[in-house]
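Following this line, the structures themselves.
What follows is a pair of complexes built around chain A, which joins chain B in one and chain C in the other.
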Partner chain A sequence: MNGVKKQSFQFQLGRSDALRSSIKQVYIYVVLVLIVFVFSVMKLDQVEMFGRGHFLSPDSVINLLRSAVPILTLSGAFTLLMISGYIDLSVGSAMSLSAVVYALMILNGFSFWPALLITLILGVIMGSVNAYLVMNLRITPVIATLVTLSLFKGIALLIVPDGLSAIKGSPDKAMPGWINDYARKEVLFGLPAAFWVAVLVIVAMVIIQRKTILGKYAAAIGGNRIAADLSGISAVKIVWILYILVGLFAAMAGMARASYMSLGDPLSGDGMELDCIIAVLLGGTAFSGGEGSVAKTVIGSLIIICVTIGLMTVIPAYWQVAAKGSVLLIAVVLNHLLVRDTASA
Partner chain B sequence: MATNQMQKPAAGVRLSDESFITVFMVGILVLVFALASLFVPNFSTAKNIFNLVTNNWFVIVLGVGVTLVLITGNFDMSVGGNIALTGVLSVYFVQGVNVSQNTLANGLGLPYVVAIGLALLCAVGVGAINAFFIAKLKVPSIIVTLGTMMLARGAAKVITQGAQRNTSLPDIFGWLGSLSIPGTSIRLPVLVMISLIILAYIFEKKTVFARRIYLIGANPEAARLSGINVAKYLTALYLVSGLLAGITGILLASEYKAGVSSRAMGYEFDALVIALLGGVSINGGFGSVLGMFVGAIILSVVTSAATGLLLSPDWQFTLKAIVTFIAILSQRYALDRRKA
Partner chain C sequence: MKPTENVLEIRNLVKDFPGVRAVDDVSFDIKRNTVHCLVGENGAGKSTLIKILTGVYERTSGQILLNGEEHDPQNPRDAKQKGISTLFQELNVVDQLTVEENLSLGVEETTFGFLRRTDKTNQMVSVMNSIEPSIKPGQLVSTLSVAKKQIVEIARAVAAESNIIIMDEPTAAISESEIARLFTIIRSLRENNVTVIYISHRLDEIFEIGDNVTVMRDGGHIATKPVAEIEDRSELIRMMIGKTVFEHYMPRDDISPDLILQVKNLSNHRLNDISFDVKAGEVVGFYGLVGAGKTELARAIFGADHCDGEILFKGEKLRANPEKSIAAGIALVPEERRTQGLFTILTIRGNVPVMNMSKISRSGFINAAKERTVAQEYVEKLNIATNSIEKEAAKLSGGNQQKVVLSKCLFADADLLMLDEPTRGIDVGAKSEIYSLIRQLSNEGKTIIIFSSELPEIMNICDSIHLLYDGSLKSTLRNGLDVDSEYILHVVTGGD
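Then we have the complex of A and B:
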C-alpha cells in the first residue's frame, strides 16, 4: 500500500538506498527463477529437457503445484497477520487437527459440503482461541500460539484411535473414494479444485491487503500499535479478524491435505509454521510488522516448494531438515539486508 | 542502582515477587501432589518421589539456560536439536576409522576426551550462531532459534543418515552416563542437575551480571542507555544455553550408548513449559531458576499422574498445554491481587 510512497521517499535518500530498494523489488523473482533454473539443468544427462522426470515436465509441474496447495492457501492470511506484528505458530497443528476431523467425518458418512462447513467452523474456533489468548488475555503471541500448537496437536492425536497412526479406511469401514476429488481430480489445466481455490484465496488476500481498510489497518498496527490505537483503529478487533482468517485458511489447508492423502494424519501439518515464516521472510515482510506483501509471500511459498521438491530428487531425504533450516537462516539474512533499514526509514 | 529496582524488599518481611511466585507454585505443587497421591496408587512412595525429581534431569538442565535466556525476553528453541547434534557428534568422533563396510559404523577414531571437547565446541557453536543473529542482526529470537533447531537436527540426521550410530564404540563411551555415587542410585546427570541449580541460584542472586540480565528483560532500551552492552550479555547467555544443551546431549548419548538423530524431540518446548510453570515471564525480566525447578517437578507430577491414571501417552500434548495456560493465568491473577 505505501510501497509507492516509500519508494519515492527512498529515491530522495540517495543512490545506495535507491539501489537497495530496486533490489528489494525484484530479488525474490530472481531467486525463484534461479532455483528453477538450477533444478532444470541438474540431471540433464539423465533426462531430456521437459521430458519425463525432468523438473519442468508437465507432470512434475502439476505435482509441484498440487503439493503447494496448503501453503498457498495459508500463507496469504499468515502474511497479513505478520504485517500486523503478530504471529501464529499453531498453524501446522491447526492444519493437522482439521485434517483429522475432516477425514473422520468423511469416514463416518458425511457428504462433502457439511464436512467442509464443519471443518471451516473448526478453523474459525481455533483462530478465535488464539485471538482470545493473545488479545484478551494478553499472553505474548509466541507463547500463546506455541501452547495452542501443543493443544491442537494433542487433540488431533487423541481423536485418532489408539494403535492407529491416522484416521484412514479399514477393511470393515472403507474411506469413500471421493475424498480425493477435491485435491486430486482435474478440473482445469490438469489441476484440481483445491488449487484453484487456493488461487482464489490468494487473489482475495492480495486485494484485502492492497485495497481494503483491513489491510491498511493491519500495516498501521504493525507499524506503530500506539499510534494506531490513538487514531481510532480498534487493534483488538482487527487482529481478532486476522487470527480468525489464519485459523480458517489453516483448516482449509488441512482439509486439502486430508483430501490429497485420503487420510487424516495428526502430524500432517508439522512444520507448516516454519514454511510460512520462511515464505513471509523471503517475501520481504518486516519481522516487526508494518510492511509487507502478500503477493511476494506467494513467490516465497513457490520457492520453498521448489526447493523441497527439487531437493527430494537430488539428495537423500535425511538432508531435508538441514536444507530447510539453512533456507530459513538464508531468508533471515536476505530479509535483514534488504528490509530492516527501509522499515526504520 | 538500576540493577536493584526490579525487586526491592520493602520491609524485609515482604517477599520479592519472584520468591512469592516460587512459593505460590510450591503451594500448587503440594496441591497437585496431594491430589495425585489420592487417586494414583503408590504415588507418594519415597522411590517415586525420588524418580519424579530426578527422571527429568535433562529438561531441568536445559531449563537453566532457557530460563536465563527467557528472563532477557528471548527464546532458545534450538536446545532439542542441539542435544541430538552433540550426542550424534560425540558418537561419530569416537567411532573407529574404517572398521566396517557400514558407513554408520565408521567414525573419526578420536580419543573420548577430545571427542567430548569437540562436540561441546559444536554445541557452543550453535549457541554462537543464535547469538550472532539475535544480538548482532537483531532478528527475533524465535525465528532464529527455530532455524538453528532445524539446522542442528538436520546435521544430526545427515551424520546418521536419518537413523542412529551405535556400533564400534569404545567401552569408555558409556562411562559418563552410568557413573553414580557408590552405594546410591544418584547418577552423574542428577549431580550435574543439582549443582547447576545451586550455581544458577547463587549466580542469579549474587552477581551483578545476573541483575543486569533482569534489567535487559525488563527494559532493553533503558538497559542500553544505562551503559549495559546488551549484545554481550545475550551472547554469553546463548553460549551458556548451547553449552548446557551440549552437556545434556553427551550425557544422554553416553547413557544410551548411541547417537540418535531423533533424540530430544520437543525438549525445547518442555524446557519452555517448565520455565513458564515456574513463573518466568518474558514480558518483564522476571523469574528465577528455582521457580523453574518447581515448575519442572509440577510438570513431572502431572504427567506421571496422568500415566498412572492410565491415560494414553497421546494425552501429554493436551495436558502440557492446559497446565501451562492455567499456570500463566493463575500466576498473573496472584500477582495482580498482590499488587492491588
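Then we have the complex of A and C:
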C-alpha cells in the first residue's frame, strides 16, 4: 500500500539510482582488491606469514587457489539454483559424505576412476533426494534441505568407525599415497588437477547461465514463477536438473577435499552452505532469485577464501571465526544496501 | 460541531496512471446515513476512487471533504482512524484466531506483555452480539461461513466507530438467505448513524438496498441520483455503457465450418458445466463482469487449472498442462501482464522467444544472433516503442509490455490464441493497435478467443459472443449490427 506512494517518490531519484547501479556493478571487485591489498601490506616480523611472508607471493597464491577448489567447484551450480529461486542448505553435508565415501573406497583398494564415478553417482542421488522433497513433495526448500543436511552428515558420521575422527590410514591398512595427487600434485603453473577441473566447471557454469536454455529458464522461474508456468516452462524439470547439478558438484568438491587432506573427514564440509550463499549474494544474485551472475559468484568466492586464509595467518585461532563473520557481515550489509534500492526501482 | 448533510463531498477528483486517466474529474456528494451505491463496468474507475478514499492511492488533483473537512488519508490505517472502513472482497480476518481476538486485532491492550481483556473488547463483543447473536466470541474464525466472516468485519468497523463503511461486492460469495441477512444488517447500520458505500455488479441489489446511486463510466462521473427516481434496470444499464460504438465490426461469412476447439461440460470450483465450440479462424469473445469466470475458463482450457469435462483441440483430447497445450498449438495471454505474463527483469530480447526456445536453439544452446533477430522482428512487427531490444521489460509502458507478451505468444506459433483482458489498463493508441493486430491474425487464419470485461471491445472484434455469469455460460450470440448491448448487460448482471 505504501509502496504505491513510495514508488512515485523513487522516480525522482533517477540520477542517484544510476549512480547506485554503477557502484553495484563494480563494488565487489573493489572489495576483493581492498581485501587483497590489506593482507598484502600487513607485516608481522616474528611470524612467518603466507608461506614466504607475503600474501601475494607465489606459494601463498598457490595455497590460496588450492583452498578455493571446493567452493569454486560448487558455487557455480549453487548460483544457478539460487537464480531459480531455490536453495540447497545440504551442500556442506553432501560434501562431507562424499569425502568420507571416497576415502573409504580408496582405503579399501578402489582405483581413482571407479571411486570418482561412484562418488559422483552418490552426488546425483543426494541432489535427487533434495529435488524430490522440494519439487514433488513441495516442502519448503529451506526446511527440506535442512533436514537432508542433518541426514547426510549423520550418515557420514555413521560410516566413520567408532573411535576415529575420520576415514584415514592406520598401521594395518595404509591410505594409498596417490590419494592426494588429484588435489596437490602440480599439473600446470604449480596448480593441481583439482584446481583446473574447478576452472573448467566454472567456465561450463558461466556458459550454461549465459548461453543455454537451462540458464535462461532458471532466470525465468526465479523471476516470475507464474509467468514461467504459463509460458510452458516446466519448473519441476528445470529445478530437478539444478538440484542434481548442485549435488554432483558437492560430491566433486568433497572428493577434492578428501584428496587434499588424504582422509575422509565427516565434518570437512561444515559451513560450506554459508560460504556458498554469501559468495552468491556478494555476486549480486538476489536471494529471491531471478537475476544473478555465476562469474560474479567466482569473485564472491575468492573474497571468502581470501578472508578465510588471510585471517588464518594474522589472527589467533580463537578469533578467526568471529573475525571472518564480521568481515562478511560488512560485505553483506553493503551488498544489501546497494542491491535493494536498484532492485526495487 | 454540527454534522453536515453530506458525509462525503468529492470535488473534481482526478487520478492519472502512466498513460491512463483512471478517474477523470469526478464530483458528487454522499448523503449522511444513506446506502450509496456505486456502479459501472469494470475499468469505470470505481475501485480507483475507493482506493483514493481509503488512502491506498494518492490523488492527482481534486478535493475530498469528509464531514466538511479536507480528507487526505496517508494510508488505509489513517483512513480508518478518520472513520472510513472497508470490506474488501478478500476478507481481512485471521482464520486461526477466535472471533474475539479478531475483533480486537491491532487494538489489544496489555499488562506486562500479557493480553488484557478490556472494556473495549467487551464493547466490541456486545456490538458483535447485537448484530449477529449466533456468532460466539470464542469461536475460531475458520469455522465461520464467508457471510459470518463479513459480519465479524462489519462488527469491527462499527466498534471502531466508523461512520462510513465501504462494501466491495459483498454478495459475490454468499448465498441468497445470507444476502437477505446482510441487507437487514445494512439497514440497521443506516439507522445507527453509519453511511454505507455499496459496490455491486448485481443491479437488482441496487434497487433493493440503495438510497442513492452513482454511475461511473470510463473514469468519469455519469450521474448521481436517488434510486427511487430510476425507472428500471435498463435505465441503469444505459447509463453504465453509454453509446456503444461498434461500427468497426463487419460480419464475416468466410469462416470455415471446421471446429478447432470443442469444450464439453467443463466444470470446476468456479465453472459450471460449460460447453461450446470454436470454428477455425473465428474470433470468439467471452464477456462477463468480475467474478463471472472468464479467467478461470481461460486457465481451465489452457490446462493451468484443474477441471472436469473434456476439451478437444483439433479433434484430440488436450492434456491438462500448459507445456503440452503450447506444444499442441495454444497460447494464453494472461490477465495480469506484469505478474503472469512478463519476465520483468529480463530484457525484451529475453522475453520474446521464451515460449518457443527450440526455434532459436540447438541442443540446448541459444543462438544469440537468432534471438536478437527474432526480438527485433517482433519489436518492428508490433511497433513496440523502445530504443533497444536490450531494454528491461519492467521499464516499458503498459501498452508496450502487453505487446511483448503478445509477441511471446505469437512466437509460440499457436493456432489458437487466448487473450485474457488484452487491453486492460493500456492507452487508447496501443488498444487500437492491438485490435488491428487481432484482425490481422484472424485473417491469417489464426483462431482467437478474447476474454474481456469491456463490452465495446467484444462487440468491435468478435464474430461470436458468449456471455458468462457466475461461472455459467448464459447465452451465445452471433455478432452483427442487430446485437443488442442492453440485452447483453441484462444477461451478465444476472437477469433472466
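Here is the rule we use: the second predicted complex is superposed on the first by the 318 of 345 C-alpha atoms of A that agree within 3 Å, B and C clash if a C-alpha of one lies under 4 Å from a C-alpha of the other, contacts with A are read in each partner's own complex, and residues count from 1 in each chain.
Convention: contacts are C-beta pairs under 8 Å (C-beta built on N, C-alpha and C of every residue); 3 or more make two chains touch, one makes a residue touch a chain.
Remember, it's a predicted structure, so these values are computed and weren't measured experimentally.
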Exercise for review: Using the touch definition from the top, say if A:151 reaches chain B (first), chain C (second), both or neither.
Suggested key: first
Review point. Can A:329 be said to touch chain B (first), chain C (second), both, or neither?
Key: first
Check your understanding: Which partner does A:318 contact after superposing on A: first (chain B), second (chain C), both, neither?
Key -> first
Practice item. Name the contact category of A:212: first (chain B only), second (chain C only), both, or neither. Key: second
Check your understanding: Which holds for A:277: it touches chain B only (first), chain C only (second), both, or neither?
Key -> first
**Study point:** Partner contacting more residues of chain A (chain B vs chain C)
**Key:** B
Exercise for review: Examine A:231 and indicate which partner it touches, taking first as chain B and second as chain C; both and neither are also allowed.
Suggested key: second
Revision key, fill the gap. Given the complex, residues on chain B that touch chain A span 75, 129, 133, 137-140, 142-144, 146-155, 157-158, 160-162, 261, 269, 272-273, 276, 282-283, 312, 314-322, 324-325, 328-329
Review point. In their shared complex, at which residues does chain C touch chain A?
Key: 55-58, 75-76, 302, 304, 322-323, 325-327, 332, 334, 339-346, 350, 354-355, 357, 361, 364-366, 368, 408, 412
Check your understanding: Residues of chain A touching chain C in their complex?
Key -> 1-2, 4-5, 8, 211-214, 216-217, 219-220, 223-224, 226-234, 290-291
Point to revise | Touching residues (chain side chain A, partner chain B) in the complex | key: 87, 89, 133, 137, 139-140, 142-143, 146-148, 150-151, 153-155, 157-158, 160, 162, 274, 277, 281, 287-288, 316-326, 328-329, 332-333, 336, 340
